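Next come two complexes built around chain A: one with chain B, the other with chain C.
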Partner chain A sequence: MMVVIWGVVKFIVLLVLLSVYVLFMTWFDRKVIARMQNRVGPKLIGFHGLWQPLADTIKSFWKEDSIPRGSYRFLFWLAPIIFTTCAFAISFVVPFAPPIKIAGGVLHFSVVNINVAVLFVFAFLGLASFGVLFAGIASGGSKYPYIGSQREGAQMISYEIILALTLLNPILMSQSLNFETIVAAQTHHLWYAFYQPVAFVCYLIAMFAVSAKVPFDLPEAESEICCGYFVEYSGMKMGLFPFAQYIVLLVMSAIMVLMFLGGWTGPFWSGGFIAGFIWYWVKVAFFVFLFTWAWGTLPRYRYDQLMDIGWKILLPISVLNIFWTGFALSAHLPFF
Partner chain B sequence: MSSSDIRTVELNMGPQHPSTHGVLRLILRINGEKIENIFPRVGYLHRGIEKLAENMTYQQFTPVTDRLDYVYSMNNNFAYASSVEKLLGVTDQVPERAQYIRVIVAELDRIANHLVWLATHALDIGAMTPYFYCMRERELILDMFEEISGARLLYNYVRIGGVAKDITPRFTDMLKEFVKIFPKRWKEYDTLLTKNRIWMKRTKDVAVISTEDAINWGLSGPSLRGSNMEWDLRKKKPYSVYPELEFDIPYYSEGDVYARYLVRMEEMLQSNRILEQCIEKIPDGPTMMDDFKKVSKPIKPPAGEAYGYNEVPGGELGFYIVSEGKNKPHRMKIRAPSFVHAYAIPFASKGYLISDVVAVIGSFDVVFGECDR
Partner chain C sequence: MTQIVFFILSLGTIIGALGTILCKNAYYSAMWMISTFVSMAGLFVMLNAPFVAMLQIIVYAGAIAILILFVMMLMDRRVLNNKERFNPQYFWGIILGVGLFSDLAVLAFKFRINITNAGKSLTLHGSNTKMVGDVLFKHYLFPFEIIAIILLIALIGAIVLTKKDEEEAR
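Right, the complex of A and B next:
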């Protein structure tokens, strides 16, 4: 009983924190990109426009929620729900702070601390692409959403393979699917990014592609297919898509830090909850910022080029890399 | 299953679409993402400007030419004024100072147009930041135009027989400042895009047009120069004071979107070079022919025809004017580069992907005020 109540409390806290995070991120994104482009960004509502995201949310809730004629209403409703649920689900297993020992037990800062966490993330990430596919199909023959969802579906599926293959290396090395164990394994050695530079880079690219951000933002390319799969959505139903995307973006960055950059360990001043917490969030924040940075700098790839990069370059490299890791581990090469 | 069994889909791109630059409507017939065919539909901005010309005196029509391609209005004024002067046979009598001022504003406007082109072209391909950098410099040019003509978009500054007003000392200062800083600012766009891997992947070998095809489709200006054709009316059929100025014609042999991009980028620097020389060389003197100082005084060209052409940023803009000796033209035909280029879009982008269509539209720099007239 205690476990269930504890889980619910954690769930509610996470829900609130993630919502605040997404609101803050929309402001942060706009402010940073404005700084890069000689603009001011949101300025009027609150201190430097800090309440702007809140105002946007209120607006989204009060907007007319139109459902186009000829759309499949059930799927049309279901799509944003699936997408958001899956985004939340993957955030449940990710620890957001180092565990602390209190009163004989261990307090984990994830909603559930399961032993197959990485597998769980893949499962729900795969399911999330259904939300996008449904959004495109349910829009009732509207062609731009259809093209957008096709792109997103293909992109997510092909890059999740690469994501899984690259994450297999830290899993092989730590022999665990639990994030906290993987981080603990890295405290004994160097961070896995130094053992696995190839996997690190491949994951970095795949991370951008899976969360559909520049330069891989083809599913919602505004200048080609006018925002892609959620063209026909309006009001808060539309707001849920970017909302969930921001959460996916955070989780992908968190996984990057946990799997390759030693989570809450630092090169110096490590140990202890405060130090771990700060190290962890500094690293995660860097990757979240990286998304915004790329957004302000890079053009967009073309659909076939994206597929080429995935299937012809990244996939063979990551497969070979797994063989190398397996060989190195079984042969007990130095450092492995 | 043979390829004819696969259902092709018709996709409406425009008239309200972020990258059709105004009101172009393209009906794409697509197979997956591949373009099978494109049917352009133009005319959403049709105002009957050629017909309007028949009911206006020659001077009255000058402000209407602003509305052709509203991104380079100065060049439109210039082209129209020189066409009417050709019809009147007074091309040589336009004061030297006016000629220089015309070249200055035309070249400034060329830079301003290319900045808008670069901004939107980059935005279409997904790079957002160059847009704001380009607009920052365009703002400087618009401030200069405001100083001399009072307007920021539709200037009505270059008039038949000269220019409306003399340039002010403040304008000259601003111009000197601009000429100095522009190459540095140009470098910023260049570093963001030219050697960018993604940019090159998106633009190289896309929409390749051979020299022969480019000529057959009637392309002109930078779009023609991207296809290995050294053709610039400022050099090949010199007008105004261009023969006295030193500049190169950039041209590239690849014929793809990237080549056209390089041509336009290079042209901005060449225009800057022309401006530098104009600041040095501009003489003192009147800025308007005495005959045309009064706008109310009717112009009555002798019966006959004349075709005046200018190298505007988009290509060759020509005015074919037929006069019957009255104060209004009998007939006026405008050769608009945008119209020609709009109809080369299907040819250029057949067999490529949807993403390439927006790159092609951007690379031709079509503006629909001029295309639809």
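Right, the complex of A and C next:
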């Protein structure tokens, strides 16, 4: 019974923290991109425009909610709900701080600490893309959402394969599917990014494609298909799509840090909860910043280029890399 | 507690399956099919097989259902929505379904299945992800590789059958 109560408490805390994170992430994005483009960005409401996201949220709650006439009403309602729910579900298995040993056992900072956590992430990433697909289908034959969601479907299938193949290397090396065990395995060696530089780079590219961010934001390319799958949505229903996308982005960065960059361990001053906490969040914040940085600087790839990168370059490289890892592990090469 | 969860999940599976075949709109059918897959994954979790459950969602709900939806999106939606719900041979399907159901019902009655055990895992205990790998890659390595090759042949066959030569296409 205690487990259930703890789970519910962690769940509510995570829900609140992630919502606050998304609110201020929009402010952060706008501010950083404004600086990159020599503008000031939001500055009128609050300290350097810090309350701007709150004002935006209140505004979008009171907006008129229009539903196109030819749409499938139930799917139209369901699509943002599926997307947001699955995005939150992914974040349940990701530890957001190092575990603490307490009197009764170990306190984990993920909502549930399961042994198949990596597979859970893949499962719900796949389910989350149904939100986008249904959004396009339900928009009543409107063509831009339709094209956008088709793109999302193809992009998700091709890049989830690459994501799985690259993450297989750390899984093989640590022989575990649990994030905390994988981090613990990296304390004995160097971080896995040093053993697996190829997988690290492939994951970095696939991470951008899976969370559909610039330079791979083809499902919602503003200049081509004017916002892709959520053109027909308005008000808070529209707001839920970027909301879920920001959560996926954070979780992808967190998985990158946990699998390849040693989680809460650092090159110096490690050990102890506070040190681990700071190391972990510095690394995660760097990758979250990387997404904004790419948004401000990189142009968008064409769709056939995206597919070529995925199937003709990244897929063969990651398959060969797995062969190499398997060989190195079974032959007990030095450093492995 | 486990019984209640079990009945909710099995109800979800059955309603999803019925929705898949009874819905007039093909997109709603796809939605119900996904809900069936997810409920079945829940049943696998209750049987202490989290690995199978996750693969169920990744492969069936994540990959196959997306491909089905994708094919439906490439079709004209007026054609899709004007299709007949059942083809003329639905009679045989009904006979087969009723036969299978009565078969299972007779079995359940004969073996006196204890309904209080619903949702309890009686044979497996704890996590068995590692065990699946051990069994698959140590004891059954040869059949596993044979299946992999058969799947590869099917894949190549599909490509060969559907891909037209450049000159033929003109």
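The rule is simple: the second predicted complex is superposed on the first by the 335 of 336 C-alpha atoms of A that agree within 3 Å, B and C clash if a C-alpha of one lies under 4 Å from a C-alpha of the other, contacts with A are read in each partner's own complex, and residues count from 1 in each chain.
Note that in this section a residue touches a chain if its C-beta (ideal position, glycine included) is under 8 Å from a C-beta of that chain, and two chains touch if they have at least 3 such contacts.
As the structure is a prediction and not an experimental result, all values here were calculated from the model.
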First, second, both or neither for A:302, with chain B first and chain C second: first
Chain B versus chain C as contact partner of A:222, first or second or both or neither: first
Which of chain B and chain C A:141 touches, first, second, both or neither: second
Partner chain in contact with A:126 - chain B first, chain C second, else both or neither: second
Doubly contacted residues of chain A, that is, touched by chain B and again by chain C: none
Parts of chain A lying in touch with chain C, wherever the complex brings them together: 72, 74-75, 78, 114-116, 119-120, 122-127, 129-130, 133-134, 136-138, 141, 146, 149-150, 153-154, 156-157, 160, 177
Interface residues, chain C side, partner chain A - complex: 25, 27-28, 31, 34, 38, 41, 50-51, 54-55, 57-58, 61-63, 65-67, 69-70, 73-74, 77, 127, 129
Chain B - residues contacting chain A, complex: 9, 11-12, 17-19, 33, 122-129, 131-133, 136, 192-193, 196, 198-199, 201-202, 353-356, 358
Residues of chain A defined as touching chain B within the complex: 33, 36-39, 143-144, 147, 214-215, 217-218, 221-226, 295-305
